[in-house]
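Take a look at the structures listed below.
In what follows, chain A forms one complex with chain B and a second complex with chain C.
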Partner chain A sequence: MSDRRPYVRPMPRDWWARRPFRHYTIRELSGVTIAIYAAVLLSGLVALLQGPAAWEIWRGWLASPASLVLHAVLLVAMIWHLRTWFQILPKTMPKLVVGGSPVPQRLITLIGTSVAIVCSTALVAFVLWRPF
Partner chain B sequence: MPHAPEKRSNAPIFWLLFGAGGTLSALFGVGLILVTGFLAPQGIGVAPEALSYENALAFTQNWLGKAVIWAVISLFFWHAAERLYLTLKDMHVFSDTGRRLLTYGVAALVTAVTAGLLLAIGF
Partner chain C sequence: MTERADKTIELSVLRYNPETDEKPHHQSFTVPYTRDMSVLQGLQWIKDTVDGSLTFRWSCRMAICGSCGMMINGEPKLACHTLLRDLAPGPVTVEPLAHFPIERDLVVTVDDFVKKIESVTPWLIPKHPKPVSEGPYNQTPAQLEAYENFSACINCMLCYAACPQYGENPKFVGPAAMAILQRYNGDSRDDGSALRIDAVHGEDGVWGCTAVGACSDVCPKAVDPMHAVNQNKMNTALDYFLRFLKKRDAK
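Let's look at the complex of A and B:
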């Protein structure tokens, strides 16, 4: 028998939709849009296997305004993912020590983001300047 | 009393796939979307025949092309799976088994289907 009535902090069921957690939820859901992009590629693979006629239909859809809008949304989400991914990186990796002093988190974020910009730019440059 | 064998967590495997997909998409995702969503289909800076059936087939029949396609599609799905799984857990939707099937289950299925499609397309 105990009169103990410990304080239980109230936690609304929709806490994930409220500040300050909303930012976190948006970040997590931006990760889900990456699968939507992968699904677009997967549908192309299915069309390719079905033959030239199916491939042309898929290609036509890819050039349609609906596809442009979808890819614009996916692009924004992907940029958000890239930005937040390297913001979390220094918080999830073991502390990096160089020359006896820890590397600042901001520097790790800056380096990661720069490497990503170089990688994506290199990919686009390769496609643009490769003679097809 | 005999010691029961320690139950190992399978979480690290999912975390590894999540991290691999997150890093791959962070590094190349923006470039990929620009190329496959805008430049190639609109013919901006890229010849219209770049996306021809023959070219797409040649890329997909190449072992390196296959590896790239398989890695991008499956790892992107594994990344989304982990994030969606944890978010659904936060939102208290579905049972834990249901959440696992919807996220890890779909990612595993996509990984297998993509491998099957790539093999069916041949070399």
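Let's look at the complex of A and C:
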């Protein structure tokens, strides 16, 4: 005879807002930044197509305080995403074994992050000095 | 006990008796403890001196058998590997592993987990089986490294209790099953990955994972199941695309 009556606990609706999952939720949300940046660029392209007047309005909007605040927020979110994305990078790729011992995940994260920082800095320098 | 227990700590334990309780409820116990006492020893003290009906699992008391997993202050932990002194001054909540049905008190139903482990064909399948008299299948240290940490899994289920995807969808194959799958797929002596592909593919396979990563954080054996799951995302993607190439080759 069995008196089994397993009790199934419901999953809390807001699990994603609780510790330790909050960190994950923020990482995923910061990925939306890329879509927003893309939308800003796309609207610029559309303005360019519409002619000089529209282009100037778009440029004017870019320089507005609202746009500057938006860009500052997007930049912070982007940097956060970059940081956390490289933290999970070693777990999304095959295990690297060099000379019989696995490459530490922290080293992979460090290399990836460094490459991203070098490339971004080079791009910013290129745009600022405009060698053309 | 060599030391005298002069301190106490409160353990708030989730109780559930299927014969009398509609649903689980917390019960508090004041437990005297010494510097070297684990949460498991605290529970054993309660069972020995206060309430013999308190039900929980354990065996080795040395973080090897994987039986004593439970939620301690909301985190999946091995009770034998968690010291009361580190949780002082308390109170400490002790609950059964999250995402699993509760049988009684701290004991959860493991059937689903065991089925998942079985579903990955967790043994070596050599390409050309040979008798023992022909000697061992040799392996280089680098080949061993490719899967060694995945072989450390003790089936404690902490990673499932940490995985919100498993909580949302109990059909999701989950972290430990993928770690064990990768332990064999990654072994140079094994040739059984085709047999295991069904567990990886499909609606409840690896793509149910959204890379939360809590499984690897809570694993007491540094198995890194998140890495195993994600390696298999890559493998299924390759398998999916290579299938078309393979068909063309066959013609």
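Please note the rule applied: the second predicted complex is superposed on the first by the 123 of 132 C-alpha atoms of A that agree within 3 Å, B and C clash if a C-alpha of one lies under 4 Å from a C-alpha of the other, contacts with A are read in each partner's own complex, and residues count from 1 in each chain.
Rule of thumb we're sticking to: a residue touches a chain if its C-beta (ideal position, glycine included) is under 8 Å from a C-beta of that chain, and two chains touch if they have at least 3 such contacts.
The model shown is predicted, which means the values in this text are computed figures rather than measured ones.
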| query | For A:P52, is the partner it touches chain B (first), chain C (second), both, or none of the two (neither)? | reply | first
| Of the two partner chains, chain B (first) and chain C (second), which one does A:L128 touch, if any: first, second, both, or neither? | first
| First, second, both or neither for A:L110, with chain B first and chain C second | neither
| request: Kindly classify A:W16 by the partners it touches after superposition: chain B alone (first), chain C alone (second), both, or neither? | output: both
| Which of chain B and chain C A:L68 touches, first, second, both or neither | first
| query | Is A:F86 touching the first partner chain B, the second partner chain C, both, or neither of them? | reply | first
| query | Looking at the overlay, does A:R5 come into contact with chain B only (first), chain C only (second), both, or neither? | reply | second
| remark: After superposition on chain A, the chain A residues reached by both chain B and chain C are 15-16, 28
| field | chain C-facing residues of chain A, complex | value | 3-9, 11, 15-16, 19-21, 24, 28, 88, 90-95, 97, 99-102
| remark: Seen from chain C, its contact residues with chain A in the complex are 16, 18-19, 23-24, 74-75, 98-99, 101-103, 109, 140-142, 145-146, 162, 164, 167-168, 186, 210-214, 216-217, 224, 226-227, 230-231, 233-234
| remark: Interface with chain B, chain A side, in the complex: residues 13-16, 25, 28-29, 31-35, 37-38, 40-42, 44-46, 48-49, 52, 55-56, 59, 62-63, 67-68, 70-71, 74-75, 78-79, 81-82, 85-86, 112, 115-116, 119-124, 127-128, 132
| request: Enumerate the contact residues on chain B facing chain A in the complex. | output: 21-23, 25-42, 45-47, 49-51, 53, 55-57, 60, 69, 72-74, 76-77, 79-84, 86-87, 90-92, 107, 110, 113-114, 117-118, 120-121
